[in-house]
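Below is one structure, written out as structure tokens, with a few remarks after it.
As written, the chains take the letters A, B, C, D, E and F, and residue 1 is the first residue of each chain.
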Amino acid sequence: MKSFLYPKLIPPSFVWIRPEGNTQITKVHEWIQPLSTKSNPEQTRNTDVVVVGVPLSRSSISPSGASEFPDAFRRAWKGFTTYNIDEDVDLADMTALDVGDVPMHVTDIRRCHDNIVEASATIHRNFTTSIVAAIGGDHSITAMMVKGLHWAKPREKIGILQFDTHFDLRSLADNGPSNGTPMRNLIESGVIEGSNLYNIGLHGFYNTKDLKQYADEKGVNYFTLHQSRKRGIEETVSQCLKELAEKVDTIYLTVDMDVLDIVYAPGVPVGTPGGMTTAELLKAVLTAAKHPKVKALDIVCLDPLRDTQVHTTVKLGTHVFLTFLTGVMLRKVTGTEKG
Amino acid sequence: MKSFLYPKLIPPSFVWIRPEGNTQITKVHEWIQPLSTKSNPEQTRNTDVVVVGVPLSRSSISPSGASEFPDAFRRAWKGFTTYNIDEDVDLADMTALDVGDVPMHVTDIRRCHDNIVEASATIHRNFTTSIVAAIGGDHSITAMMVKGLHWAKPREKIGILQFDTHFDLRSLADNGPSNGTPMRNLIESGVIEGSNLYNIGLHGFYNTKDLKQYADEKGVNYFTLHQSRKRGIEETVSQCLKELAEKVDTIYLTVDMDVLDIVYAPGVPVGTPGGMTTAELLKAVLTAAKHPKVKALDIVCLDPLRDTQVHTTVKLGTHVFLTFLTGVMLRKVTGTEKG
Amino acid sequence: MKSFLYPKLIPPSFVWIRPEGNTQITKVHEWIQPLSTKSNPEQTRNTDVVVVGVPLSRSSISPSGASEFPDAFRRAWKGFTTYNIDEDVDLADMTALDVGDVPMHVTDIRRCHDNIVEASATIHRNFTTSIVAAIGGDHSITAMMVKGLHWAKPREKIGILQFDTHFDLRSLADNGPSNGTPMRNLIESGVIEGSNLYNIGLHGFYNTKDLKQYADEKGVNYFTLHQSRKRGIEETVSQCLKELAEKVDTIYLTVDMDVLDIVYAPGVPVGTPGGMTTAELLKAVLTAAKHPKVKALDIVCLDPLRDTQVHTTVKLGTHVFLTFLTGVMLRKVTGTEKG
Amino acid sequence: MKSFLYPKLIPPSFVWIRPEGNTQITKVHEWIQPLSTKSNPEQTRNTDVVVVGVPLSRSSISPSGASEFPDAFRRAWKGFTTYNIDEDVDLADMTALDVGDVPMHVTDIRRCHDNIVEASATIHRNFTTSIVAAIGGDHSITAMMVKGLHWAKPREKIGILQFDTHFDLRSLADNGPSNGTPMRNLIESGVIEGSNLYNIGLHGFYNTKDLKQYADEKGVNYFTLHQSRKRGIEETVSQCLKELAEKVDTIYLTVDMDVLDIVYAPGVPVGTPGGMTTAELLKAVLTAAKHPKVKALDIVCLDPLRDTQVHTTVKLGTHVFLTFLTGVMLRKVTGTEKG
Amino acid sequence: MKSFLYPKLIPPSFVWIRPEGNTQITKVHEWIQPLSTKSNPEQTRNTDVVVVGVPLSRSSISPSGASEFPDAFRRAWKGFTTYNIDEDVDLADMTALDVGDVPMHVTDIRRCHDNIVEASATIHRNFTTSIVAAIGGDHSITAMMVKGLHWAKPREKIGILQFDTHFDLRSLADNGPSNGTPMRNLIESGVIEGSNLYNIGLHGFYNTKDLKQYADEKGVNYFTLHQSRKRGIEETVSQCLKELAEKVDTIYLTVDMDVLDIVYAPGVPVGTPGGMTTAELLKAVLTAAKHPKVKALDIVCLDPLRDTQVHTTVKLGTHVFLTFLTGVMLRKVTGTEKG
Amino acid sequence: MKSFLYPKLIPPSFVWIRPEGNTQITKVHEWIQPLSTKSNPEQTRNTDVVVVGVPLSRSSISPSGASEFPDAFRRAWKGFTTYNIDEDVDLADMTALDVGDVPMHVTDIRRCHDNIVEASATIHRNFTTSIVAAIGGDHSITAMMVKGLHWAKPREKIGILQFDTHFDLRSLADNGPSNGTPMRNLIESGVIEGSNLYNIGLHGFYNTKDLKQYADEKGVNYFTLHQSRKRGIEETVSQCLKELAEKVDTIYLTVDMDVLDIVYAPGVPVGTPGGMTTAELLKAVLTAAKHPKVKALDIVCLDPLRDTQVHTTVKLGTHVFLTFLTGVMLRKVTGTEKG
């Protein structure tokens, strides 16, 4: 085990215990299994979903405690069943593995980023057919996760579907690979083409004009929240996926929790009014997840330290993850997934 | 007075005072009158609405301060007028009586439940034509309120319309009549038939699969929030009422405040993302309240201790109650109620 | 400078500093300029937007810290770009001037009100073609701002479009010109006619019946939130503007932040359930702002002291202001404004 | 009744109800009785303690919700027994009367102040031997309560013991009789002499130098918190009382809750670091209350709207009141009071 | 394993994971070991400290989430080192075992109490020389833990040292074995003698007079907080221990977190002003823990759901526990413990 | 100006405006002047106090928003007068200059640290006789500020007086120059000798044993909070200063706000129970500030984002700063400072 994954990953800080005799899986914390030292490559081959924590947020422009989300996320599992009543599917019919966290360094952000790239590559090499879900962390991790995917599968053309209030196309020249830059990072490093990036959720007064101009130059596709609502969120997502599917082999879905209105996601570093509602985001994520080319997900910029006392945002982030998996399940159920 | 109601009920802990000379009723706290020792059975006959506090929440699976809601509810009255501008009706045209709280025991939950059954029966016997509103408390009280109604009017067939994120169909064998069990309790005790239970609002990952299977076995009718939204919340409620009205004599409406998205109701013991909005719940309650067969209401699982500092959830719970009464008023206004 | 404006206005308590060399305007705090002692009447003639703080809230019926909003509003600017991605317009193409705050007295509310009237008149006289935005303060300031406008331009007939949960038509005989009275104040003082007042957003149990009767007597036009939703918020606003435009020369838009549901605006003195959503209010404000006869705006009853720790309501109030300016920009862009 | 007190006072907004049969007084809410319409001057003669609410805080320099304290105070009674275990005395051995609130006007602060003066005079005339406790409100009420006392008993020389972070000696010329001025108000109006004012608790950076100079000119006595701690808080209080008792007939104790460190009293309009601890204030109040010449008390500047969710400051304000009464009881017990 | 402990205990819901290679113990969560299924009676014999969670709080008079403390306590371990710099001792020189939680029933409080008695007896029988620390839960658990100790060691005379704001001597006749009754429960059931109960920390207006009378009748020893402060907290504790040690074989220390001032422990169900400071409680606990006859501890009435967002009270409760263990260590270091 | 300071410093983001005619300085925000572009080296020579913001906290081990403190600190000035009533000194008799903030980079922490060193050196070279106060930021900045001082004045031997819960002596090998390492950094780089470091305030379970061993090896002097309390905080500080003064030329005082109990400083990244009280810290700081060899100060690890809604910790941090300046003033007043 140690030989193929642990050198680059540290186990989750805790594991849930199931009382003896309690054999039926009904809750998420009973279902997702930590990668144990007894695992072997053989077993991993059949894993449907791989979860990895990416606890980095010191690369965030605004102060962020998003590094605390992977652990908060794991603690939240206990509050969720594996059964989704809306879609009548039970996630427990899939296998899910928690491979732990990417190791981070306190003062060397570059080393953190390198670790993420390497971890991502390792995971994608070992779990070639699994859905990989990265739990951030700030948005800078997306560039690294996608680069890792690109390393692991250099021949696959990658497209990105991004739910975000921002373009994340800031210049790296100013402040390095911060959470304002991941999409530009990927475009400039040639990992993705601008025209294979689709952004849904831009709104209000939270992007400077020059970023829009850069987006236009690079052929980035974007649909403001207003446009998306007019057409229908689901229809917009479907249309993006359809276009992407014609151009790329693999679609990476990145959910920046700040796409939500501050009322729905108080626990993000810089929340804004006028964003998506919970219902809209969940619908968008479910729609995306059903598409067979969507192979990877990340959820970023969720800061549990700023959340309400009733954990509004942590619960929602976890719900987003499970809704994504529901979509993945539905592919199987409806046979849309062929591989 | 003492002879017919007080032995089983304790007065509210406080009463609102109206300054002398202030004779016009414009606020709810000036309108709802406490049952005084000078009341007599005669007077009670003409009461339109009876309110009773049911301050029990130690029967809740999760820690809950819902026992504090009856008092918080009474304190909130001062912030509401009796006049509903949306429907142009004045609740003050009805009479409303606050009969106080059901007495509770600290360590004997069974005795608490017995008291509720008995209080419910007493109220329904004494106020045969009144609308009875029980202010919980956790959801375990619903089973007891309905049993009391059944005791009082054994010949009336009872149906239930439930707004809830959960089935509340857990087995009583595991942990007794907790707030996870009221509907099963009523079915298994023969007070209602499974097919006369209609649940609206189920969503997400908050019910285990076996509960759905139990619901199906018993013929329970349920409409997930997604299904209800697709058809329209009002239409869904109307359809449920129409079906129920053909099968039963009396419809009991139970509103579990956790049916709301955690953003709209932060003050519930275990809030969830993805639930109803305030607008949806109010619309659903108004629609239900207009139906002449709806004779009783409860509002449960609202924990003022977890609420925001601006009392978001307590205010909403009170608004739900007043919206319900608005619907009742509209029956009168439009003459739909014949009795 | 001092000679024409400062005697009646005090400068903002602080000004934003732009680091040298940073010449491009991308954020709101870099764009809105304080009225400096070097300004002269000449320069002011071309100002598109004038902002004035009106930090009075001791005239509020309920305790209110709305007097803190002008400063909180200015501090919030840093979090907003001038570029609106939804409408693809850059506010920096207009000029905006912050003329500071109306001076207030601690214990003489009448003097405060007189100061507001005088300041409003002074501003409207000096900036005859500018849009004037008053940042409250409680709702009592509206009567004073409109009176000042009337002083400055006595021949212009004024109409009011009001987004509010309340009528604000209480009798001044009871408690003087509090925040419950501004509309009645204007009607009774003959500054506006009842039929030129349009109110959108009334809902629930927050107005007494006699206020509705007064409104009806005076011919006040109002559309409850339910009615507005049924017809469409934008359509309702457009219809009101159309009617108003036929009757008046100048339309004053007053946004009482309590028109929002308490979930969307926790930081108002007395929030209520069942109000507008953020999306609805922003749409309504944008629609109104596009109309060429809308010449003045106020935003009132936003209490930063009761806001959440992530400043939900202060951010939203600022967003409302910028959305209004976006509408003003769109008049220019689309050439609807002739002047 | 109406004839001698009600014209100037409005009853408390609610009264506590004691369930029938529950005759033993053990809690404060069972003990303090509202002035009923059946009371007569005869009965009032033997009242030991009179409580009056003074819900005015629009005269506060900083926004303040201290007007909400009288009601919050009454609601808090339920959490306190009448028995003080520290001193082994039972307050229920005294009689206490709640005469309700002084009526206030929303926009005419002068009228509010006049009402307070008149109410104070009425109370002191009717309850000549009772201890009178005014529950504020902001600190401006102290000037009015003391003036009323002076009206009622013009021959009694009055001294003041003040626990405060501030001098409250600001000039009335600037902003009228705000909460920054009460002591100057009383000195300048000749109601008290500067040398009969004793201030304990000044500290830190919260008074301008000119106020100290004014205090020195007028012979005001003050002991900073540091000085008081060095000598011992109790010793300082005792020394002040001893000096005062030699010079005046009646001592009025005014407790500005902002004398406490912000950690101990988060719910004051402008809390400061470095103030008194709870233990210090309680000790100081108890010491003062034991002195037979202390005949009146007020507790001001406690804003329940800014308090913590567990009501830290409201509970403490109530505890201060009960501690004061404990001292009064001890006079009786130890026979120091002769009358 | 299963055969001697598990039937009565359920494992903690989660266990901390130590990354491979990380062998040095520096943090508490690396030190305290869960009882694994591989443990055997042999090994347990040498355990210095046994920790057991007692997650019951539905027996609390006021609504309480103290049932959540055992898990919150375990999660807090990660924030503490095993090394105490004040006393220069390393707790890691002792062995500590977490045996999990006592199983609870949702609606049968009696069964919960029976389970606690039985679990306590089992633990004391199996870990005859270990210090046993029970993590509550509300104060009703103390009666049960002590009864279990009595069952296990019927010949040992037990005394109790109680740090509490309350007597906890309410009659069981009223509401059964609630958290207001544990000491009376033990006295009336003959498990301890009244004169072997020592209470430190009573203060203010939080006990009715009849409880003091009962305490006096039964010879209960108590020292109010004022008395204790006058004499010195440490001296008071030492004196109590000295007296107790002459009369009993085993001393049980019970720490009700509500003994603290509400400022220091906001997260208790009903906090009060005027209680102990953190420094006082820690000193008292350390003093008690050094005494060789103190064999068991409980920490009760800490409600994480009411705590601040920075976990003030949960951290303090954990610190109290570790301070207690420091005292136990010091016995060893200084050789005071002979066994 | 630009030529000697600005290249390395950016101006504060805002400046306070004084209304015209308001010439008397009474508040801190009127007193501390921003370094304007018109300043010249001449003028700076007579500056008594130089303030510099050091907004870096991405080098913190735990997520920290301490980078927000410099701005929060400047905003807090308005709430403080320049006059200290305890010591009867007016800070306005000194001159104070705010030179702005050290520029930071988002993803290159090393560059941030280099900037701090350089800025510190520049300031110390230009303001050779001024007191320099650095407003952090996290504790990693201390190593950089002291290195800068060392660069500027290489012949002066530097000693450090540290108020801290932690040693901050972690190995740099593990995670680079984080906020856990500054003292070790300075010792290992030869800037200070271990024996010239004095730490006051260590307590509880927040340092691992190996750090104590390292401290002992290097001859670091430390006094736990318990030891300091026993001897008296002031006496302990005085003794440390006396020893330091015999060994070094310049004493640098570093105040880690986490030295305070979590109750007094909720707004630090990782607060702990059992720390200093506000009164203790203020006394310690005042004592230190009076010493003529104390030439520099920093205040670190204060995270405004985690603070209470009433800004408890930000106010306290500002109070600490002003208390320090009070001590500096007292040197002048009492003539202890010769230079």
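Heads up, the rule we're going with is that a contact is a pair of C-beta atoms (placed from the backbone, for glycine too) under 8 Å apart; a residue touches a chain by one contact, two chains touch by 3 or more.
What you see is a predicted model; the values in this text were computed from it and never measured.
Among the remaining chains, those touching subunit A and also subunit C are B, F.
Distance from subunit B peaks, on a Cα-centroid basis, for F. Set side by side, A-F and C-F show the greater C-beta contact count at A-F. Remark: rotation between subunit B and subunit C after Cα superposition is 120° (nearest 5).
Comparing the contact residues of subunit B and subunit E by number shows a mostly shared set, over half of all numbers used being common to the two copies. Comparing A-C with the candidates A-B, B-E or C-D, the pair whose contacts agree for more than half of the residue-numbered pairs is A-B. Centre-to-centre separation between subunit E and subunit F, using Cα means, comes to 41 Å.
Rounded to whole angstrom, the centroid-to-centroid distance between subunit B and subunit D, based on C-alpha atoms, equals 44 Å.
Between subunit B and subunit F the centroid-to-centroid distance comes to 58 Å (mean Cα coordinates, whole Å). Multi-chain contact residues of subunit A (touching two or more other chains): 263, 306, 309. If touching chains are joined by edges, the resulting network of the protein chains shown has some other shape, matching none of path, cycle, star or complete graph. Per the contact rule defined earlier, chains pair up in contact as A-B, A-C, A-E, A-F, B-C, B-D, B-E, C-D, C-F, D-E, D-F, E-F. Across the interface of their complex, subunit E is touched by residues 2, 6, 10-17, 19-20, 34, 37, 75, 78, 309 of subunit A. Listing the residues of subunit B that touch subunit C in their complex gives 26, 28, 79-86, 88, 90, 263-264, 278-279, 282, 308-310, 312, 315-316, 319, 322. Of all residues in subunit C, only 202-210, 212, 224-226, 261-263, 266, 270-274, 306 touch subunit B in the complex they form. Touching subunit F in their complex are the following residues of subunit A: 57-61, 63-68, 105-110, 140, 174-178, 303, 305-306.
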